[in-house]
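Listed next: structures, encoded as structure tokens.
There are two complexes below, and they share subunit A, which is joined by subunit B in the first and by subunit C in the second.
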Partner chain A sequence: MKNEIGKLYIELGEEFNFYAPIKEKGNLIFKRVLNPDDIVLDYLNSKVPPKEILFPKMEVLFEYKTDGKDVTEIIERTDLDEKNIIFGIRPCDAHSFVLLENFFAFGDYQDEIFLKKRANTIVIGIGCNTPKSTCFCTSVEGHPFMKDDMDIFLVDLSEKYLVEGVSEKGKELMKRLKWLTDAKKQDIQKAEELSKQAEESFETKLDLKDIDKKLDPNFEHPIWAEISDICIGCGTCSFLCPTCTCFDVIDENDQYNNKGRRIRIWDTCQFCLYTLHTSGHNPRDSCIERCRNRILHKFCYYPENYNTLGCVGCGRCIQLCPVNNDLRAIIEKFNNIKKEKEEKISA
Partner chain B sequence: MVIIMGIETENSEIENSMRETARSLLKEKKVDVIIGYTNGTVPLSSAPIMITKEEEVEKLIWNNLCYVNLAKYLVPRIPQLIDPEKGDLKVGIVSKGCVGRALIHLSVENQINLENIKMIGIPCNGIINRKRIEKEVGEKEILEVFAFGNDIVVKGKDFEQKFSFEEYINELCKVCKVKSPPVLEELAEICIGECQEISSIGDNFEDLVEFESKTTEEKWDYIKDTLETCTRCYACREACPMCYCNLCFVDQNKPIWFEKTTEISEIIAFHLVRAMHLAGRCVACGACSSVCPMGIDLNLITRKLEKIVKERFNFTSGIDSKKMPPMMDFSMDDAEEFMLEED
Partner chain C sequence: MPNPYIPMLTTVKSIVSENKVNDIKTLELEFKKEEEYKNFNYIPGQFAEISLIGKGECPIGIASSPTEEGSIKFTIKKMGTVTTRFHNCEVGDAVGIRGPCGNGWPIEYMKGKNIVVIGGGFAFSTLRSLVVYLLNDKYRKDYKEITVIYGNRDSGEVLYQDVLEEWKKRDDINVILTIDREEEGWTERVGFVAPVVKEVAPSPNNAVAVVCGPPIMIKTTIAVLEELKFKDEQILNSLEMRMKCGIGKCGRCNIGNKYVCIDGQFFLWQNLKNCQVNIKFNYKYNNRGKKNG
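Showing the complex of A and B:
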């Protein structure tokens, strides 16, 4: 069905907001498709993770009217029941949706906007035939062909896709695509081979076993200063992370027209305003504490709260850090502390 | 007979002499710490590094991917460069021309004391436009990048692509006249290694010709179009040696001056106000563009301001440690032409 992606779009593009990888100003991103010719099928992964479809960098939560003093009317969003398809997502990013949901549906605090969009979204993913040298999903319980978090899973067999319905939603949708043909035995075999090849091709392997237990006792370790010395404190690592969820809420009040809107925008623990108290005190006052927070959140607090690592191994933070502050080196440093200690004891 | 040296030979010569200088500075205890560059762990990158021991000198490198402006780490001084008892450490800093300019300008702005600093001057031969190469290679993974002859060679799993070095360095580097730190006599003590004595530079603003030929509407469209993908991660600001405010105007919230959404008007407000704050201060290092994860070319706007400052006030930042920059100075002879409309 590879050259039939246009057909898929034409068939579903009216009913669904159809998102797919496209090129914009040299960057591969997931965007709502307006012309099926724009869809890029040969790509490694997007620069901005597809989390921005469900959790955009800027999102109006609601609008309101005032009488000049008090709010008189709240205008809720009407687009949340729209149905979405995200086509072409990679397994790591599909898994990030599960992690995002952990956060946005945590305890009593149900984020309706996120959850409604998530429920109305069908995820059609493609296995990774050629993981990047910075990819490490296999180190975080993932796999380049993991289909669990998708509704429909595709394998790129170069001239065609092997299509598999994973969830009920996905299977339902597939029934409508009458032009799909039955898979041949050799196609399934080839897909299995590709999966194995991809798995074996991983260059980055991180030892994350008990990483929380290695990090937690070393909260005050001088290594954090070492890790953060070259960090310039920008938001690249977290803004382009598929699992980072921090946001800030802003009220934009238009006092001349008696109206306004409440907006949420991405925020990050790397910025100086993060956790700044109204008193002026900030428990994360320097780059050292901020760098530490990002690592501990992913590998310590997240497992504690949700019983799984807060990282999907996409490698974006490694690739895009302006000063090449490599996550792999950070993890290794902590693994070495443990080893050094053990060596000391055994000596 | 003219022997044309390959870029790789040039780089290794620069690297060797830089390491020699660094080694003797540490040996003679003239500095406590040296900030330089080391190899990056991903292609098309390099990483800043701090070393304190002679045996670490081999970690220092020079290649055409050393795009970070190391002066960044001095203002505000990062804690690693301050001794809890002794105070400011003596710092050696590997200085290409624009790092030297940044240091001199920061001293003019009273942000650093040059007496605590040794510039390890190197004659920079240009920084690769990594974003342009990334975009041209497209959706293939780059695994290796090196200079060979007059080319930049980019290799991946099943491909190899060559880019002309001369063509694929930053536009700023193509017209740069300050390859090594500009050091006037009074600062000769500060600069070790390769430095140059210049009191003014005949600036070349050829890189602006195309932009200037546009109509006002076209310029506006260009700026809007360029900035549209900004995620507001502020990598540009954080990499800029001149952006050292304790609290950036955009982060001030008592009162809020600017909104922080990614609405195009607010993105533009941030970038243009930041650019205005750099008028007569930008040292044309190009770090802002090199670090932008979205590959936005931010240099054009600051370059244009650099040109205006040069034409109206005959000032170039980071050349003269005694001359006050126009935005910090007042002159009775000033015709105040800047109040006229600028195109």
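Showing the complex of A and C:
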């Protein structure tokens, strides 16, 4: 069905907002498709994670009208019921949607804006035949061919796709695509081979068992200072992380037209203003504490709250860090502390 | 499932300047819709996200008690952009409000006990809410002796003077005021809060101490309370953090895996002391102002 992606778009593009990987200014991003010829199919992964579709960089919380001074009316969003299809997502990013959903649905207050969009989204993902050198999803309970978090799962067999409906939603949609043909035995076999090859091609396999027990007691270990020494606090790692959720809330006024909107925009724990109190006190005022917070959040705090790691192993923070601060090396450092200790005891 | 970011609308009913310097004001807000006020069920110690729509939003502790019906009060110090805007408010202005947020003081846990309320500076607003609630005829019988120790920099900074006068007239509450340095005309105690607590020496028997104030006051006061043999589960403490959403989503108020806005903002000292959270908490204070690494 490879050259039928256009067909898929034509059939579903009217009913759904159809998102797919598109090249824009040299970067690959997930964007709403307007012309099926733009869809890129040979790519490793997007620079900005597709979480952007459900949790955009800038998002309206509500709009308001004023009488010039006071607010007169609050207008809720009405576009949340639109249906979306995200095509071509990678297994790690699909898994990130599950982690995001955990977070936004947690507690007494649920984030309706995210959850509604998530419920109205069908995820069509493709397995990774050639993982990047920075990928480490197999270390964080993932797999380059993990289909659990998708609605429809595709395997790229170079000249065609092997299509599998995973969720009820996905199976339902597949019934509508009449041009799909039954899979042949050798295709399924080939897909299994590809899956194995991909798994074997991973360069790193981290030992993340009990990682929280290794990180937490070492809260004040000098390794944190070592890591933060080279960090320039640019926030790339968290802005481009598919599981990061922090945001800032701002009011935008259009005072000439007596209206405005309250928006949320991505924020990052890597900035010192993020936690600065009005009083001037800052609980995380140095780079050490901010670096530590990011890593502990992924590997200690998130697992404590949701019983699963807060990292999907996409490797964006490693690939795009301007000073090459490698998450894998950081984890290794903490793994080695324990080993050193054990060696000392046994010696 | 309503959108949790949408505020309810209120109007400013009255504005009271609370101190001589005029940088602390109490705003009384009245809900525009009666049913929204009826659904706004709070207990002392909770906070709300209040906003001047178009200017910004900030979390402020509720200073009124649920027993004071009809309106809610917020005591706001002029500090940043939004609070300055609040100070420029006039009666009749529209104010957005979301909440109540946080957990409030554990009033059930405190039942049948002697209550020692220790406050410093303008952190007294949620303590005012608590004491007004405790003194209400309906609830007073549930609690035993009530002692209030309230410290300030100088006499001009003492908040809620009218309420304090009322309390002093009552015989079922012991109000102790203190200021840092001697001043002409000041007849109450002089000294920091911690030494005054030591002087007053409240008995730890069947008592709960509620401590709220600036970090240094909390630190010294808890040391004194421990000296007086207060156990860790008898000390209540409040934490504050920068917040945006107030509902555990914007991320910045975390201490470990807890969010101050939904898991706090009031913690038993026992919980703070024994868990890792506290180590992190203290760690930050120890390194305050010192460049690490």
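Just so we're on the same page, the second predicted complex is superposed on the first by the 344 of 347 C-alpha atoms of A that agree within 3 Å, B and C clash if a C-alpha of one lies under 4 Å from a C-alpha of the other, contacts with A are read in each partner's own complex, and residues count from 1 in each chain.
As a working rule, a contact is a pair of C-beta atoms (placed from the backbone, for glycine too) under 8 Å apart; a residue touches a chain by one contact, two chains touch by 3 or more.
Only a predicted model underlies this, so the values are computations on that prediction, with no experimental measurement involved.
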Practice task
Considering only the touch criterion stated at the top, classify A:R262 as touching first (subunit B), second (subunit C), both, or neither.
Solution key: second
Problem - Which superposed partner A:Y64 touches (first subunit B, second subunit C, both, neither) - result: second
Exercise for the section: Quick one: classify A:R328 as touching subunit B (first), subunit C (second), both or neither. Expected result: first
Exercise for the section: With the two complexes superposed on chain A, say which partner A:S286 touches: subunit B (first), subunit C (second), both, or neither. Expected result: both
Exercise for the section: Scan A:D248 for contacts with subunit B and subunit C and give back first, second, both or neither. Expected result: both
Exercise for the section: Considering only the touch criterion stated at the top, classify A:D229 as touching first (subunit B), second (subunit C), both, or neither. Expected result: both
Practice task
Answer with first, second, both or neither: which of subunit B and subunit C does A:Y43 touch in the superposed model?
Solution key: first
Handout entry: Partner chain in contact with A:K132 - subunit B first, subunit C second, else both or neither
Key = first
Problem - Common interface residues of subunit A - those touching subunit B in one complex and subunit C in the other - result: 225, 229, 248, 250, 286-288
Handout entry: Complex interface listing, subunit B residues touching subunit A
Key = 40-42, 45-50, 68, 72-73, 78-80, 131, 134-135, 139-141, 143, 157, 225, 228-229, 231-235, 237-239, 247, 251, 253, 259-263, 290-291, 293-295
Problem - subunit B contact footprint on subunit A (complex, rising order) - result: 24-28, 40, 42-44, 47-48, 57-58, 130, 132-134, 225, 229-230, 232-236, 239-240, 248, 250, 252, 263, 265-266, 268, 271-273, 286-288, 318-320, 322-326, 328-329
Handout entry: Of all residues in subunit C, those that touch subunit A in their complex
Key = 1-7, 9, 51, 53-57, 79-80, 83, 93-94, 96, 215, 240-242, 244-245, 247-252, 254-257, 262, 276, 279-280, 283-284, 287-288, 291-293
Completion exercise
Residue positions on subunit A within touch of subunit C in the complex are 61-62, 64, 66, 69-71, 74, 76-77, 103-104, 106-113, 115, 216, 219-220, 225, 228-229, 245-251, 253, 260, 262, 264, 267, 269, 274-279, 281, 283-289, 293, 296-297, 300-302, 304-305
